Amino acid sequence: MVGTVLRRLAVFVASLAVSTVVVFAFMVLLPGDPARVALGTDASDAAVDQLRHEFGLDRPLPVQYASWIGGLLTGRLGTSYVSGAQIGPQLADRLQVSLILVLASMVVAVVVAVPLGVWMAVRHRRPIGVVLSALAQLGVAVPAFLAGILLITIFAVRLGWLPANGWTPPAVDPVMFVRQLVLPALALGLVQGAVLTRYVRSAVLDVLREDYLRTARAKGLRPAQALWRHGLRNAAVPVVTVLGLQLATTLVGAVVVERVFVIPGLGSLLLDAVGNRDLLVVQDVVMVLVAAVLLVNLLVDVLYVVLDPRLRLGDA
Amino acid sequence: MSTVVDPVLRVRDLTIRTRSVELLRGVDLTIGRGERVGLIGESGSGKSITSLAIMGLLPDNVQATGSVRLGERELLGTPERELARVRGRDVAMVFQEPMTALNPTMRIGDQVAEAMLIHHTQPSRAAAADRAIELLEAVRLPDPKALVRAYPHQLSGGQRQRVVLAIALANDPALLICDEPTTALDVTVQQLVLDLLVRGVEERDAAMLFITHDLAVVANVCEQVAVMYGGRIVEAGPVNEVFRRPRHRYTQGLLAASDLAVDPHSGQLRAIAGSVPAAGRFPEGCVFRSRCWKATDQCRAEPPWTGAPHGPGYACWHPAQSEVIT
Amino acid sequence: MSDLTAPGGPAPDLAGDRSYPGTLLVGCALTGVVVLLALVSFVWTPYDPGLIDGLHRLQGPSGEHLLGTDKFGRDELSRIMVGARTTVFVGVVAVGLSVLVGVPLGILGAMGPRWLGELVGRLGDLVLAFPALLLAIMLSAVYGGSTLTAMIAIGIAGIPTFARVTRSGALGVLRSDYVLAARSCGLSAPAIAVRHVLPNVSSLIIVQASVAFAMAILAEAALSFLGLGTPPDVPSWGRMLQESQELLFVAPRLAWVPGAAIALAVLGFNLLGDGLRDRLDPRLKERR
């Protein structure tokens, strides 16, 4: 088991290393001079050169790369080309906000999808199962930002129960924090939940066909007990994979939902940086997001090994 | 089968049908305490659906009528909650496919102990765990103390089938149903598993219903045999009688096709012409007449049961003479 | 196998799960409407989609304007129709890019030497760490947002999935007896690829293309919504949705109309994919 985990860890580190090169190359090698971009097209060449020197852009590329990586590892992410502010602390603040949103929505997704998916699988021949399946299909087709807008029109505009947008840190006003978190978390979570529901349903349907479930019934377990004790863990194996993929999708999907609900997270930071042509900030935020996606994949791999004993010998 | 006074299992006129197709018709079976009955027939003859009916594990989309009594208790029509209390305690089952019959994510010991914990036949988790080790030892699995911590994928097919047997025997059931328990196993371990099965039921004085298409195994293991074709029992009786003097033409054909008997006329193995029709495609009257070499117009009518009611006998218009063929 | 870096062991699979009858029909109908709207918009729209009409601003649905008008008095139905054009265009180009690059890579990964297969798998895993939206944002940070950057980003992000689907399908075909027979007759590798592998994996690719089309619609809408996709003067569903946001309290209808268009189009392509999978997947036919 340890061997398997170590091997996956090695793959993670290697992927991360290659991704840093890709992101760096993407931002540096593509035509377009960050200093020129930051100052605008009408800036003088001297001013541009001055800025290039200030940012270290006149150094050889390997040196630039090494200093960027060094900064990433030590948490000194450098200063914004545009505002001149420290990127590190700002990024940490924004990341915290995004993580709260993403985790809250994953909770929504799981709470909706697991019971619903199991129920739909058990009832898959009854009319209610068919209706719920159709609804889940429709849910999959609604992007999170659209869900967000629709939720605002219903719960903020029509009913007036919840604020339409905004963000309050929990330390400042816990009640307001929750009230403002509900709609964005629902927007992201319900959509992911619809996707997840279909996978839960499919995984449970597969498990229901398994011989060991019949063995469990033959032992004297009632159908629901047999499914609960013997089916769910086995069904969890493929579902965890999907959940991991979704967590990664949600991290990126949050970028758009943050824009809908005016939430100061990583997504707003990224989009503002794109708008301002603040390339170093873009580079750093993209790297953080990619690292997060890779980290989630690693965690899924490890969890997978924990859930399925067949993978533990390293022979899978 | 005939003279059982106080049977463990008494099946009467069991008929099972889906919305459109009849799967089983008028099946009678009686098994006494300590008795071992073989149920034989080709695949598609209705053996497995019979066993599922007795276990109360029929799929939702079929309907069963008639009577299935386990001891004093009628099982047909009993609510699931009560059936679950009987299953695994009074009647247990060993399935055909050991590779998939165990939960891949649960330790062997826990799977065996669970059978006892469900029915509270052991006072505590620890007691059930200890008993699980004894049961695994009884089916002659090596190093049972270590084995309880293993997962199914670490065991061979034969070993897994012995675990399934240990689970089935855990609560000393009155009836053990075995559905082709050795078919999926290597020839070398088949005999071992058969010996363990027989010993397991003998020690408990339990009744056994042994489903197979392998006549040699039935001759080896059972005292009584029932032959099934087209969802009906076409012949039943003591193994010695039926295998030496088959009366129904289907039984005769089965025996001829097996290596138990050699056709006295040609001296060669013979197979039954044609193949088993799909469910619902069996002919009216005698179900075997579409493949029978003795069929006449008379066979369009359903042949009556000749012999003791619910006991030894056959259902054939043109039975073979009671000559000894071996 | 490339599964080492992909999360989990066996890929999650909805394939064994047969969809309900009528799926293919509804899928065809919905996608048909989208394509039809786009085609008709070239010839006819009720109004000029860019026509500003100060007298008829923010009108509800009526006989004159079936879906009402926006804040500039522009006809919503006309804009939805022209928006369908953008949607279909971006989808076709993006999915086309994914197929043209992904399918050959997948066949190469299956038929080439082992290390090549490994390399293709690893590259795919790497690209998967960059979702379409992130790629598009990176591209537009450098080049500015446009329909082109959106299409390229969505297309690139789709490549690994096509490569993976093709590779696993091709590996199955290559193991079969008829390929062995063809090989023993001395048929060259490229000939086997074209004559045996491609036709046999084509149904997998078609199904994946339908699903990828749905993803492309979602991604394009998101990018236009963020202002990183289609430029403001070209009607697109995502941008209509973005423009509706400031008027949510006044005219929520302006959000519902393009929203429904996006959802129904995505639903259509998803259902089409499911239905085609049931129809084309030989594994399912054997199972039932």
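Here the chain labels run A, B and C in written order, and each chain numbers its own residues starting at 1.
We take it that contacts are C-beta pairs under 8 Å (C-beta built on N, C-alpha and C of every residue); 3 or more make two chains touch, one makes a residue touch a chain.
Molecules present, by chain and UniProt name: A = Peptide ABC transporter; B = ABC transporter ATP-binding protein.
Remember, it's a predicted structure, so these values are computed and weren't measured experimentally.
Asker: Going only through chains that touch each other, what is the minimum step count from chain B to chain C?
Answerer: Each step joins two touching chains, and the minimum needed here is 2.
Asker: Which chain maximises the distance between its CA centroid and that of chain C?
Answerer: Centre of mass proxy via C-alpha means gives B as farthest from chain C.
Asker: Select, from A-C and A-B, the pair of chains that is joined by more C-beta pairs in contact.
Answerer: Pair with the higher count of C-beta contacts: A-C.
Asker: Centroid from C-alpha atoms only, then distance chain A to chain B, rounded to Å. What do you get?
Answerer: Chain centroid spacing, chain A to chain B, equals 54 Å.
Asker: Using mean CA coordinates as chain centres, what's the gap between chain A and chain C in Å?
Answerer: Inter-chain centre distance comes to 21 Å.
Asker: Counting only residues that touch at least 2 other chains, which ones in chain C make the list?
Answerer: Residues of chain C touching two or more partner chains: there are none.
Asker: Going by the contact rule already set, what residues in chain A reach two or more other chains?
Answerer: Residues 237, 308 of chain A touch two or more partner chains.
Asker: Flag every residue of chain A that touches chain C in the complex, lowest number first.
Answerer: 7-8, 11-12, 15, 18-19, 22-23, 26-27, 30-32, 130, 133-134, 137-138, 140-143, 145-146, 149-150, 152-153, 156-158, 164, 198-199, 201-203, 205-206, 237-242, 244-245, 248-249, 252-253, 255-256, 259-260, 270-271, 273-274, 277, 279, 282, 286, 289-290, 293-294, 296-297, 300-301, 304, 308, 311, 316
Asker: What residues of chain C sit close enough to touch chain A in their complex?
Answerer: 4-14, 16-17, 20, 125-126, 129-131, 133-134, 137-138, 140-143, 145, 214, 218, 221-222, 225-226, 228, 241, 244-245, 248-249, 252, 255-256, 259, 262-267, 270-271
Asker: Would you tell me which residues of chain A are touching chain B in their complex?
Answerer: Within the complex, chain A touches chain B at residues 210-212, 214-223, 229-230, 233-234, 237, 307-310.
Asker: In their complex, what parts of chain B are in touch with chain A?
Answerer: Spelled out, the residues of chain B in touch with chain A are 55, 57, 80-81, 84-89, 92-93, 95, 97, 100-106, 114-115, 118-119, 151, 153, 164, 167-168.
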